[in-house]
């Protein structure tokens, strides 16, 4: 048995842990061989490979990023893409693929299975927005980084009368904002799932100043104000005609300053949330995903994805994971509301 | 409604987060009042109370330990214990108790419910060995601390030919050793659930030296060698006749040195695993436990304990949690074996 | 002897460590009493005091911020300010002041000494831009936080072709950018002391992409491009006519994208650099400053400021510290140039 | 110009940063070539080399350990050692050596210079006990790790009545214990430079329990009790006749328990203090040492060692650094005494 491994999409702490676990278990327990495909689906598409044996995976467990590289190449949008992948699998003598990635990467995987490519999926998304698994690796790391940032802001909030805004990742789902906001003791949490009312936010800000300390607001990058309060088209373009880089964090700070007269400061965590060494939980989850992906390959259970359910690793159809974005349930968001204002 | 809150047993990062969430939700959403009972069951037993309102819980979310103090007092072993608790509940006008603790504290809670004391339980154990909940808060923090320690040892393992032993918490269950060992990339993980063979450990040590780097061994404090290899009675007493403080970590280092001739060094993490600020996961879990404990009180669902199942907080009979220690499943330990040696 | 203590200006990890050390030493070794003046010079001006004894300073060593509060009140700009301070010192029976602060706070202190107020200074600036001391506490903490952020960006830089910009503190001096940039292995470091050439920066960016990985650019918030490349007046105002909050980091990302066609992402660390627990070095330095401030008071050596020279704490005239901003020496910046591009 | 580089002695965070900076500056600014000698003096002695160019040093800045490996080989104790080194320098066309190490490694370097080997030294010691430099890299990292451990113990100290002992590195000098003890707010600090009185320690322990919280004792591994209180010969051997691994930390815990009746717990940090990523300060210092070592080579200033004085890197005769151990000055230790008990 010879297994090809690839990683697609944005980087996420834990990718290397999956790769290492799969290679260790496959090689040591079953005598499998491995081929690394470079840069997501570009690897099998173009036949770009690298050695993937036990020495190649030594020491990578605690490292962020992916030794295989990544890309957003979609072979289904490339002429003859499927055939070229199948040809390269024959050429490199690869019997099965382990595809580690998010919605896009797994979406391709699901379709390739239809075309007879033996594929097992491993879910990856920093935003935790994939259905069919309780958590994905990388998310816990991101939440820890964001929480630590909020912790540090409390010091300033205690001694200066400034509104502090933190913009965190989460374009379509507010999981990082919700978890980090709760864990960090934020006074307002804004998520993409529910449009916020700027006036209400300003009211919370005023209330907070009355009681004690300055307010800390955590906003997912995809958070959007109510219609009418929205960023106008004009506002989103700068004087060069470029799309403005500044995001919701800065918009909030500016708008709150304008409405309340309080000074506001923004922290934009950006890519530091997805880099660096994975948390212990993410290494544990990623390692177990890697081990169980090998079990799936061994049993010929293709078209499936490993997933976390409680403390168990289970298998679900890949299609289930990508069918629908996992967003924050309104009741869960409501639960957090007790800490607002 | 007036609710008494107490925390019992060893300290655990997240206790304060439970207290804060319960007080915030109870006060703000339902207008409940709270009384803090000091030092576990000693508080209601002796009528030792403290103010527990919103100002009292400000700023405690990120703090380890417990503002209520803790003890191992067992009111069931005290004459008239139950009556005295009931009297004090009347005296302080307390309608219900939220008891946050481990096996012992919850065991008392379960029995008090039989005697008509309205109690809701919140599970707490750094060792993660309570049944009926996927995880308890504090565990993730401990695993992160132990993992970070193992990470640091890798540097030395790469440049010196020394066996490195890390002793972690886990008297009866090997969860911390297993999770941190996997997350840290340890070469051997020893847990209380399965007696280890010193000769096999030495064989893994020798193998490791042949391939690369020096070996890192993670041992739960409750790990025990096979019979015959065991610590003798004599060995466990020092020349003063005191019980020797040195634990399995040191025993391993000494024994491996004797058998393999390799130098060995021990790190004993001790209490640093249960101190300091909780991880984001533990704060999230503890906060949700606190919120849901209030729901249980409000619904009069006494004799129940909040618990984590997947991503949901559910309620289970307190007795279920304490009926049996949750130990590491042999298959889970076997899964980790691929990384040994 | 009764000593008043105050902290002025922006918050800085280590302020509490100074206060604690002074109170511990003064009380225990010399039997002095202490009065806490609230919110910088506002405290002695308005007679706003708090208890400052040993119980009041318990547990504050590892805490960021200041238990005394802070402000930017300048008593010299208040009518009768000096007389009111002197009156309050008499009223509260205060013989001497320990003033902990930066340029402004110490500038006031220097002048009050002229008016006969017995004052000892302790230097504080997160930016490390005070003359007459090798380092000030808070700086090492800020550099560690910024370095850790850069570390995390390397992961992404290794797997995506994006320019990564980090904006750090430093309005007038580039110490944080220089130290964190060097420690983090940045590819470009931009400081306020030397105007940068956007074309050169873009050239470094292009070079970096040719060799390997994506470039990481660290920019002090006060970094400014060459004339002609400068932000125009228009650009600095948004469509609301507000001053734009977006800083040099965002400007760089946008400008580099425009010139090189490469995607760029910005992280703005903001206030997280000045919050949270102080590093070990900052606690050590702050503690020693506090101890030596007491020595100065005891010896009646007023008008002096404690300062670090090598590993020694010395005393210098307060005026020396505030006479001139300590900026990055061109030769030191040139030394770092070997790592650019 | 072709430069050989070697690292000797125990590992220390920052070694790789020195190597990287030297190679970057030598190659880019002066066109020098580099040869890596493996495992300290064993490399030039046996002619064991590795490629050391810019690609070889990419990404090593944040990594602990040393890519060159290390050993304690002393070529002066090997027959014909000096001649063999000189022969290998000719063979590999090496004009000068940069020797990075502690007392032993630099002691050899100093003597080789006498024999005409062009050598520049870079000081390295985790214990900070080398004369002629304010600090050595690795020390700040170790102090931060030990301080963080003490921080975590405070949580337990606040809620349990247990004496907490932390054993830190420092066989001959108490710098780590002193700095971490002060930074962590320890109640007792014991260093090798001054024999401690067990009765006095027990008195401090009793006092502490009376006031508040449990005591935290930081002991350097080389701390020794007064004569008569000392570990007996018998006590240092276990029942197997092995030398006991247990150190002063455990001895203290046991002895304090025996004398005060209070429970005591020990944390032995061991090798985690010298592993892992260097702190920002250590990276900065190590980087500057590497850059300045190249300046020394370029100017032919052999027999010198780079050293830190205040914020400057200077050069001193290697012999100065190794002539005398830098121990903790009694007055500095006395200064810390205000926090004891």
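Lettered A, B, C and D in written order, each chain numbered from 1.
In the analysis below, a residue touches a chain if its C-beta (ideal position, glycine included) is under 8 Å from a C-beta of that chain, and two chains touch if they have at least 3 such contacts.
Nothing here was measured: the structure is a model prediction, and the numbers come from that model.
Chain centres here are Cα means. That of chain A falls 35 Å from that of chain C. Centroid to centroid, with C-alpha atoms defining each point, chain A and chain D lie 40 Å apart.
Mean C-alpha position of chain C lies 30 Å from that of chain D.
Each of the following residues of chain A touches two or more other chains: 151, 154.
If you sketch which chains touch which, the chains form one closed loop in which each chain touches exactly two neighbours. Applying the touch criterion to all chain pairs gives A-B, A-C, B-D, C-D. Those residues of chain B that touch chain A in the complex are listed here as 24-25, 28-29, 58-59, 61-62, 134-135, 140, 143-144, 146-147, 151, 154, 179-180, 182-185, 212, 277, 279-281, 283-284, 287-288, 291, 309-311, 335, 338-339.
Within the complex, the chain C residues that touch chain A are 10-11, 13, 63-66, 69-70, 145, 148-149, 151-156, 158-160, 162, 164, 232, 234-235, 238-240, 242, 244-246, 250, 253-254, 257-258, 264-276.
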